[in-house]
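Below is one structure; the comments refer to it alone.
Each chain gets a letter, A, B and C, in the order it is written, and its residues are counted from 1.
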């Protein structure tokens, strides 16, 4: 196989919003990530595919600063966050996470207070950022839920009473409430009915286009990645085996593993 | 004439690892394309016509050679350009027209057609207005404009697809059998739109089952039929 | 010189019941608590002849602070005459030789459960409040390790979320007692289950307040002249209980915190929660010479 190496970007002059370099992480004998690098440009959707245990979710947790690597660096091109984010102290990481990064987990229990109201779940983000006006909290929670196409008549219903698809919409509203620079999606539609899944993907696509949010979406479902991602990164056993434009990776996969994945799933 | 595309010794093949096979598509193709020029690619089945278009568009990764595109920002080799640069060019300068619509659930026909305009920065209202104009030109009935194209017949989907693909003027337009499954009215509208784009300086490279449809537009023909090139069955390769 | 000359004479127990090392630890923790207002200090809660949950935290602080010149007042829900208050008062006097009183003005050490007296305390008085649950974050963060981190980060967004939820679900803030309050602009504390009515009394008060939880083994303090601000939204003002217009059926006093006494016919009668203030009012009405102190609330308005 003779793949030509690509040049660095020439037309796109903006710096990547997200830049992860040579991140490695081991749990004892298990190598979860090995020298993984990733970039995402402003407004771009980066898809990460790979089977369970490929390290894709670990990588996403690191992007959300929930976990730190053994080595490697992480930069976000944001005002007042210079330097390697992995070097920040716990408090600075937490504040950055709460204000600039949104995340939607596969399991809504990880992202939501199931017995609080849905609007309260969204309001919590704003409270962390220091908003202390009840009226504003209420209005902004309503706005974010509406943007996530959540039925507003259920504004104050606790997530535990909602369907899986609606719970994901509450997570999404919470994630976008503060207009984050980066939105992370960890298998956001896995486990939902196909029709519900399609509607949620559509909402994500619309939000992405309207707000130009940079997104990183992790999924083992190639259909989800194909619908949303501009570029795709294929991971296997903690390493990146292939990166490319989404249509190229799906139509002309280079790596044997990617070919196998594409053939098996389509 | 202004040069738009310079293709130099472009090669493409596919390694199918699980079969241990290597399939060559085409080898060392060179030609160029000027602004306002319409070039037909012809060749026997499996000569790699569609593959060539997709390789230029970078849906396929070339194996060798260069595809120098003279963009608004200067010449750039599409064979080696960074992914983000390609994505940028696809949004702004290079169009690809296929016969298949990528319908999305719950997105109306008019919204789908207006999307490239909105992404290019036009206001939602203006984009929608232009989109309706094109849907009408391509003969999509007005009662379908707000319906979801995923429920349309193949022919209607194709009209929506063309309206969407051709709504924005591009410097380079790649056409992959866009006339297949079109009725006469839509075909006429398509040819008229292509003529208009050509008139405004778009360079076009096309594969047509029935080149007669666009006979009046064709400036040059490039024949990919190789003397003794290995056969390629496109259906197998387009993984 | 023999060894017995150097040793103290045998005694049945230490002065003030607690042994010297226990009191030394408590004094140190109290000094720390005063130094970092509102921050919970862990301490090794000792056994006292009372069950946990009955005021052992307050009792240990009182036993540490007490001396023969102290004048002790003990209140339980505002009353000096409940069994618990009377027992603790008698115990404190017995082990220390201190005097006891029911008059807020003459007391130097006041141990209280759930109330702050209506008469203003001064800079020579110490108020000891018994606290059942010292951790304001427990309802929102059951994991105490994370709660500690939240205190360290001054991350109290979940407390506000709780208020948000109450307004959303009930139309108003439902938190009655233990209203979470920000101390000195830094730590959120639960001011023991005192009613909202009493929270403003802690703000910039002249006296020292020590809050102590024996079962949970934590104490914290509101030093004199320290800001104590109840958590509120900017656009939903803090409100104390609506007792300003109620009058006590026994003493006729008005404008203070009342206990509601339901009647058989479905109505309610009210009596002053601060029993000593009620007693003073009645004695004054009957012509006895009585000295009233300045009160925090005047005509039902905090001043």
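Just so we're on the same page, contacts are C-beta pairs under 8 Å (C-beta built on N, C-alpha and C of every residue); 3 or more make two chains touch, one makes a residue touch a chain.
Please read all numbers here as calculations on a predicted model, not as lab measurements.
Number of steps on the shortest path from chain B to chain C, with steps defined by chain touch: 2.
Among the chains present, the centre nearest to the common Cα mean is that of A. Between chain B and chain C the centroid-to-centroid distance comes to 78 Å (mean Cα coordinates, whole Å).
Mean C-alpha position of chain A lies 49 Å from that of chain C.
For the pair chain A and chain B, the distance between C-alpha centroids works out to 31 Å. Of all residues in chain C, those touching chain A in their complex are 149, 152-153, 155, 157-158, 160-161, 164-165, 167-169, 233-236. Of all the residues in chain A, the ones that touch chain B in their complex are 1-12, 41, 44, 198-199, 201-202, 205, 209, 227, 230-231, 243-245, 247-248, 251-254, 256, 259-260, 262-263. Taken in their complex, chain A has these residues touching chain C: 90-91, 94, 113, 116-117, 119-120, 123-124, 127-128, 132-135, 137-138, 156. Per the touch definition, chain B reaches chain A in the complex via residues 14-18, 54, 58-64, 71, 73, 76-77, 79-89, 104-107, 115, 118-119, 238-239.
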